[in-house]
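Reviewing the structure listed below.
Chain lettering (A, B, C and D) follows the sequence in which the chains are written, and residue indices restart at 1 in each chain.
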Amino acid sequence: MTYFNNIKKIAYEGPNSTNPFSFKYYNREEKINGRSMEEFMRFAVSYWHTFTGEGTDPFGQGTMVRPYNNLTGIDLAKARVEASFEFFEKLDVPYFCFHDFDVAPESDSLSETFKNLDVIVPMIKEYMKTSKTKLLWNTANMFSHPRWVHGAATAPNADVYAYAAAKVKKGLEVGKELGSENYVFWGGREGYETLLNTDMKLELDNLARFFHMAKDYAREIGFDAQFLIEPKPQEPTKHQYDFDVATGLAFLQQYDLQDTFKFNIEANHATLAGHTFEHELHVARINGMLGSVDANQGDMLIGWDTDEFPTDLYSTTLAMYEIIKNDGLGSGGLNFDAKVRRGSFDSDDLFYAHIAGMDAFAIGTKVAQRMLEDKVLEDFVADRYSSFREGIGLDILEGKADFHKLEKYALELDVVKSNKSGRQEHLKAILNKYLLETISEK
Amino acid sequence: MTYFNNIKKIAYEGPNSTNPFSFKYYNREEKINGRSMEEFMRFAVSYWHTFTGEGTDPFGQGTMVRPYNNLTGIDLAKARVEASFEFFEKLDVPYFCFHDFDVAPESDSLSETFKNLDVIVPMIKEYMKTSKTKLLWNTANMFSHPRWVHGAATAPNADVYAYAAAKVKKGLEVGKELGSENYVFWGGREGYETLLNTDMKLELDNLARFFHMAKDYAREIGFDAQFLIEPKPQEPTKHQYDFDVATGLAFLQQYDLQDTFKFNIEANHATLAGHTFEHELHVARINGMLGSVDANQGDMLIGWDTDEFPTDLYSTTLAMYEIIKNDGLGSGGLNFDAKVRRGSFDSDDLFYAHIAGMDAFAIGTKVAQRMLEDKVLEDFVADRYSSFREGIGLDILEGKADFHKLEKYALELDVVKSNKSGRQEHLKAILNKYLLETISEK
Amino acid sequence: MTYFNNIKKIAYEGPNSTNPFSFKYYNREEKINGRSMEEFMRFAVSYWHTFTGEGTDPFGQGTMVRPYNNLTGIDLAKARVEASFEFFEKLDVPYFCFHDFDVAPESDSLSETFKNLDVIVPMIKEYMKTSKTKLLWNTANMFSHPRWVHGAATAPNADVYAYAAAKVKKGLEVGKELGSENYVFWGGREGYETLLNTDMKLELDNLARFFHMAKDYAREIGFDAQFLIEPKPQEPTKHQYDFDVATGLAFLQQYDLQDTFKFNIEANHATLAGHTFEHELHVARINGMLGSVDANQGDMLIGWDTDEFPTDLYSTTLAMYEIIKNDGLGSGGLNFDAKVRRGSFDSDDLFYAHIAGMDAFAIGTKVAQRMLEDKVLEDFVADRYSSFREGIGLDILEGKADFHKLEKYALELDVVKSNKSGRQEHLKAILNKYLLETISEK
Amino acid sequence: MTYFNNIKKIAYEGPNSTNPFSFKYYNREEKINGRSMEEFMRFAVSYWHTFTGEGTDPFGQGTMVRPYNNLTGIDLAKARVEASFEFFEKLDVPYFCFHDFDVAPESDSLSETFKNLDVIVPMIKEYMKTSKTKLLWNTANMFSHPRWVHGAATAPNADVYAYAAAKVKKGLEVGKELGSENYVFWGGREGYETLLNTDMKLELDNLARFFHMAKDYAREIGFDAQFLIEPKPQEPTKHQYDFDVATGLAFLQQYDLQDTFKFNIEANHATLAGHTFEHELHVARINGMLGSVDANQGDMLIGWDTDEFPTDLYSTTLAMYEIIKNDGLGSGGLNFDAKVRRGSFDSDDLFYAHIAGMDAFAIGTKVAQRMLEDKVLEDFVADRYSSFREGIGLDILEGKADFHKLEKYALELDVVKSNKSGRQEHLKAILNKYLLETISEK
C-alpha cells in the first residue's frame, strides 16, 4: 500500500514555481564546485521525528495525523518501514538514520526487544536493496524506557550497564548488517540530576570503559563505521556529561578515545550550551573531529530543545562555510534531527518541512561556496593576522621567542600603535550582500 | 594616616551580638576538624573590587565614596596601598590578590607602566613585612587598556602579543618578589567577538605557546607559585576560550599543559556557563585540578557577571563540601572576587560585605564538615553504586568484562528490576536539616 | 483497599527525630501569630502530579511505581480517588486541587468525557464527606488533548472555542458541587507558536469574551469561588498570553475584568518569566490581586518548568514574607504544583517530597514572621523613604508639587548630597541570621 | 573644520558597487507604495553611541579613535556638535536623537549643567537651520551621574526626585526649542536592586505623579511632542519597572496615562525581556501604542544589552511588517540605538555600521511590503480564523453567545474534527523565498 498518496516525487522546479511540493533551490544534480548538491549535502531523514514521533509534548498528547495511526505493535512498526521508504523515494534523499527503538517496539524484556529487531531489520534490509537511500547512522535508544531512569553506561546499577552493553552490541551488529556509515552515541541520560547522589568519577570511568568495549566489538565484527558522540548540555538530565564539543574533547583525551570518535553536532544542542552552531562546527573542525551534523534549529528565546526544521539562512550559510572548509563531512551527512511543530500535524507538513530545510541548506551551500571562492572573509583574516608571518610574529610561531626576547621587543616598541579595526559591522553587511546576491545571480 | 577611622578590628562576637561590625559565625581560631577556620578558608581580599573599583557600570559613573577619592595617579595608588593594609588588618584576613593594573597606574607606555610598578611593589613589600596578610595570587590585567581590544596572548597582532609577554614576565617577577603562592591567568579578551574575522586555531596555538613561555620563565627565576587558569564563558568577549573547567581541561591536555595548571574557579563564572558552582569545583576536583576559588555569587536572573558577595548558604555549603573532599585548596584560598553593589557606596559597606561573605563561608564550612562526618550523603552514594563492588559490576570496574559477557548477563537477566529511587527530595530535606541544625547546636 | 500500606499518618516529631516519615518543622496546630500553621499555610496537594503523573518527560516513558499501575480507564480513575484520600489523610493536609482531566478520563467525545466526570465527581464528593480535606481549586485541562493544539479560548477555530466553553461550564458546576474555594484558569495553549499565522488581537478579544461568559455563568449558578489566572510566560506554547502578573494585569484592565480575577502565582513560572517568586507575589500584592500560590521551585539553570518541590528556604521565607504582608491568601492556599523527580519513583518519595515542602514552608513562615515582628526590614525601608514624609517629599506625595516648584527646589539645592547607602549586603547577612537563628531559638 | 575628511556623501550605488562607502539597497528617493524610502523609514542617528560613546565596557577603557579625542569639557561638546552635523549630512539622514548629557557636560551642580546646555542647545539650533536633519526625540539622562544611584523619579530620596523634575522640565523646554517630534522616557534606574530595601508601591505612585507633572508642563509650554516610554526589563537595575510593553501598558492604565504615552520599542530590550522584536511591536500596535523604534539587535547568546547595529534581515523584515501594518510610525522613526563594536574603533566604522543598518532596513521594508501586497500571510490568517465569520463563531464575536449556547453547540458537535494545520514550516519557507526573491527581482 502507499501512504502519501497525494504526493508525487518532489522535483526541483526553481524559485518561481507555484507548486508548494517542489524544491525551489535544492537541485539534486546541480554541481557546486564539482560535486552534485546531493553529494555535497548528504541529507538524511531522521526516522524518529518523521515516522515514530506523535507530536506529544510535556503538556499534551500526540496530534500527528498519520496513515498508520490505527495500527499498533509490530504491525505499526512494519507500516512505518513501508511508509518511510515511500517517503525517502518521494523526497529523493540519499540517507536515513534511526534508533533501534524507532524502528522496532521495545519491551521490558531484552530478548523480546531483540526479537522485534530481528523482524524489522531484515525488512529494512530488503527495502534498502531497491532503494537508493542508505543508512547514514544508527544508534541505540537508551533514554526512553524507564530502566534508563538513572542512565545507561553511567547508571549506578551494574544490571543496567550490562543491559546497555547488550543493546549497543546489537546496534553495532544491526549497523553492520545494514551498511551504516556511522554509529552515534547520544547520552541523553548520561549525566546527573543532582550531585547529592552522584559519583561522577565512577560514572565517567564507566562510560569510558563502555566506549572502549564498543570499539573493540566493532573491530571484532569488522564494522568500520565512524563512531560519533553527539554533545548536548542537558535535557532530559539536569546536566549531561557531553555538554558540548570542548567537554567531549576533554573526556576523549583523558580516556585515550580521541582517535575512535568524531562529533555529531546538532545546531539546537549548540545553542542550548551557549554557543552558536558554527562555533561548535568550528571547534570540531580545527580539532579534526567534525564527523556529522544534526541539521535543525532552536528558538533562541526557548530554553529547551525545540528541534525545528532549519530555515534560518544565516545559520545554514555559516554551517556550510565550516563544512566546506572541512572539505565536507566524510562519511557524515546532514541529518534532519527536526520535527514538525505539534500544530503542523498533516503528513503534508512532513514534506513541506523537509523541503524547507533542504532548500535552506542548498541556499546556504551556494552562498558559503561563493564567499569562499571570492575569499572575501579569508583575505580579511589573512591580512588581520599578517603580523605573524614575519619578524617577531614569525618568531613566535616558529618557537623562536621567549619572554626575554618578547619583553625586549615590547620595551623598544613601548606603545602599541598597530591595532586595526575588526570591521564586524562591515563584514556582516558583506554577508547580507552575499546572501541576497548569490541567489539572484542564478 | 588612617582611612577607616570609625571601624575597629572586626572581632568574632557570636550570633547574638548586635554590633553590625562583628563576625557572627566566623571565629578565626575556632578549630574545625583540627584546623583553624583561618587555615581552613584562607580568605583573600581582592584589591580591584575593594580598593580600585569605583562603582561604575555600563550606564553609570562611579558612586563609591572613598577616603582617597580626592587623589589621582601615583598618589592615589599609594593611598590605596595604605588603606588596603589597614583594611586587611581590621578584617584580619590572611591573604589578598591583585592585578598589576589595580595597584599601579597603567599608561600607554610600557616603560612608564613598569616604573609605576617599581614604585608601588616595594611599598607593598614593605607593608607586608609587618602585616600578617600575604599574597594569595597576583596577575596581569590584559583586558582594560585599549591595546587589548582584540586580545592579548590571542591577539591578531604580534606587537600586542609581545607586550602581553612583557607584562606577564613582570608579573611573575612581582609575584616572586612578594612571595605570591599562585599566579592567575584570566583571559578576559582571549576569545572572539565574531568568527567572521577570527583564526581560532592560530589564536589557541599562540595561547599555548604563551603559557609554555610563562612556565619556562617562572622556572628560570625560581618562582614556584601554582599557575591557575580562571575559566569564564564570555564577557567582555562574546566567547571566551576558557569557557569552563571542561573546556580548559581539553585545551590543557591538547597542548601538554595539564601538569602546569590548576583552575581558579569563580562561582559567578560557573553559573554564566550553565553550571552550578559546585559542579565546576567537582569537575576540577575529580581531575586533580582544583586550585583556588573566586568566592562570589551571581544573580541567576541576570545574564552578566554581577560578582556579588557570597551570602547564599546552600552555595557556600556545597562549595565547601567539594573543598573539604579535596582536602582543602592547597596553596589556593577563597578570594572574594566580589564587589559591593553600586548602591552600597559607603566604606562601611566594604566591611559589611566581607563580614557577610566570611560568615556565610564559616557557616557553609561547618555544615559541610558535619555532613561529611556523619557520612549522610557518602553512605547514600556508596549504597547507590554498591552493585559495582561485586559480581558483574566488579568485573566491569576491573576490566574483566566485554560486550559478549555483558550481553550474556543481560539476556539472562532479561528484565531490569533492580533500579532504586534517587531520593532527590529527601536528600534536599536532609541538606536543609543540616543547614539549620548544625548551627543551632553550637 | 489501602495503597500506601507502609506509611502511617505523618506526625510532627521535631528536628531531632530520625524517622524520615515525620515532620521536623511543620507542626500543624502550633500557633504563629495567633493562627495555627495549618490555617496559615493552607497546603494543598495537586492531584495531577501526585496521582495522575507517571514520570514521563520529552525523552522518556513513565517511571512511577504506583499501586494502581495495573489498572486502566475508569477503574484507574476510581483507584486514584481512593488512594488520594488515603494520601490526604496520612499527610493531614487541608486542601487538594485538580483539573477535570486528572480525575476522570477524557475522550474525543465531549458527552463521554462528561459521563466519566459524572461517575468520579460524586465519588469524590462522597469521600469529602468524611475527609477534612477540601477543594482549594479545580480547573479544566484545555491543553492535553490534541483538539487544543492551537489553543482553547484563543483557538482559531470556533468549534474548539465552544468546546472549551462547555468544559469550563462543567468545571464551574463541578466546583460548585464540591465546594471549591477558587477556580483557576491556566492558559497553557492560550498563546501562539508563530506570529506568522496568528491574529493576536482577535484571540485576546475572544479570551476576554470567554472570561466574561465564565463570570456570568458562575454568578448564574451561585458559584462564588474566587477566579484566578495563573500566569506563565511560555511552555507548551512558544509565547503564552498571560506571560506574568504585569501582563495579566494589563489584560484584565483592558477588558474590565480586574475585579473578577486575582492571580495564582507559581514560583517556577515566575523565574521562567525572568522574575523572582517574591517579585510576582509582591506585584500582585500591591495591586490587591494576590489570590493563591502554586508552591514549587525551578532549577535556575534549566529553561523549562521543572516543578520541583520547594525546599529553598530563601524562597519560602521571602514568599511567606509577602503572604504575611498580604494578611494571608484569603480563600487561596499553598498548592504543591510540584512533582517528584523522574528518578524518585517510589510512592515513598511522594511522602518525602511533601514533607520536604511542608517543612520548608513552615520554616519560611517562622522566619518571615519573626522578621516582620522585629520590623528589621520594615524599619530600614521606612527610614530609607523618610524624605517623603516631610517638606518637598510630602508635597510630592500630596499632589502639591509641579515642575516649577520642584525645579526651584532643585536649583536651590543645586547639588544632591543626601543619598544613603542601600546596604544590600548587610540586609542579606541579616536575612541569613534570621534564617539560622529563628529556628535554633525554638 | 571637518572631521570625516576621507568620507564623501554616501550615495546609493546599488548592490554591484564595489565602493564600501555607498548604499547598496537604501535608495533615499525610491518610492515604496507611494512613499520615498526616506519618509518610510525616518532614520535617526543616536548621538550617544555615535558621538559621545567611547567604547568602554565593564572590563575596559574606551577604544574609539575620534577626531575630537584631544578635547575636553565644553570644547569637546562643541566639536561633537560640529562633527555630528557633518556626519548627518554625509549619511543624509533625516533625524537625530539625544540625551541632554550626550550633548552637554553634566556636573554635580544643576545650575552649571543648565548653563552648559544653554551653550550647546543654541549651537545645535543654529546648525539645524541649514541642515535637513531634524530632532526625532530628546530625553534626559537620569542614570549616569551617581546622584541617580537609587533611581530618579522612583528614588527613595525626595531631593533626587526634585532634581529629576528639574532635568525633565529643562528637557521639555529644549525639545520645544529644537522642534523635537517626540520626548522619550527610558527609566534605566527606575526599578530596584533588591526587594529587601524597596517600597515598590510608593516608587510606582511617584513615577506616575512624575509623568502627570511632565504632561502638564509640556501642555503649559505648548510642547506637543509625542511622549514615549521605552521599556527594558533590567540593566543597569536588577529589575526595571517598565519591563516590556505589556508591563508598561498595565502601569499606564492603572495611572490613567494611556492616552499620554506611546512606546519606543528597542529590539534588544525586547529579546532581553524574552520576546521577539516583532512581538513587542505587535503588542504595541494592536493596542494603538506603537510610537517609535530603537533599531538595533542583540546577540541571543548574550545576557546583556549589546546594542548592535541591525543587520539580521529576518528581524528588519518582520519589524517593518508590523510598522507597515501600523501605517507607519507617525511622528516616530527608526533610531539607531546601536553602537559599533569596541573593536570597530575607526571613524570609518561609524559609516560602515550605519550603512549596514540602513541597507538592512531598506531590504526589510521591500520584503515586508511585497509580502503585504501579495497578502501571502494575510490570506492564510484570514482563512485560518474564518470560522469566526459565520455561525457560532460570528455569534461569539458579536456577543450573542453564552456558556449555555456554546455547550449546546459543543455537545451536538461532540467531537472536534475541524482543526487545520498551522503550517509553520511552510510559512517560514515562504518568508525565505520572499527574502531572496524580492530583492533579486529588482
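Definition applied: a residue touches a chain if its C-beta (ideal position, glycine included) is under 8 Å from a C-beta of that chain, and two chains touch if they have at least 3 such contacts.
Since the model is a prediction, treat every value here as computed from it, not as a measurement.
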Inset, instruction - Could you label the chain C-chain D interface same or different, taking same to mean over half of its residue numbers are used by both chains? - result: same
Inset, instruction - Mind checking the rotation angle between the two copies, chain A and chain D? C-alpha superposition, nearest 5 degrees is fine. - result: 180
Inset, instruction - Would you kindly tell me how far, in whole Å, the mean C-alpha position of chain D lies from that of chain B? - result: 40
Legend entry - Inter-chain centre distance, chain A versus chain B - centres from mean C-alpha coordinates, in Å: 36
Inset, instruction - Send over the residues of chain C in touch with two or more other chains. - result: 146, 149-150, 193, 234, 274-276, 301, 341, 343, 345, 419, 422-424, 428, 431
Legend entry - chain A-touching residues of chain D, taken from the complex the two chains share: 15, 20, 24, 271, 274-276, 300-301, 309, 311-314, 340-341, 343-346, 348-349, 352-353, 355-356, 359-360, 363, 419, 421-426, 428-429, 431-433, 435-437, 439-441
Legend entry - Residue ranges of chain C touching chain A (in the complex, touch as defined): 55-63, 143-146, 148-150, 188-189, 193, 234-236, 238, 272, 299, 301-305, 341-343, 345
Legend entry - chain A residues within the chain B interface of the complex: 108-111, 146-147, 149-150, 156-163, 165-166, 168-170, 193-202, 204-206, 209, 213-214, 216-217, 233-234, 239, 243-244, 246-247, 249-251, 253-254, 273-276, 278-279, 282-283, 286-287, 318, 377, 380-381, 384-385, 387-388, 391-393, 396-397, 399, 401-404, 406-407, 409-411, 413-416, 418-420, 422-424, 427-428, 431
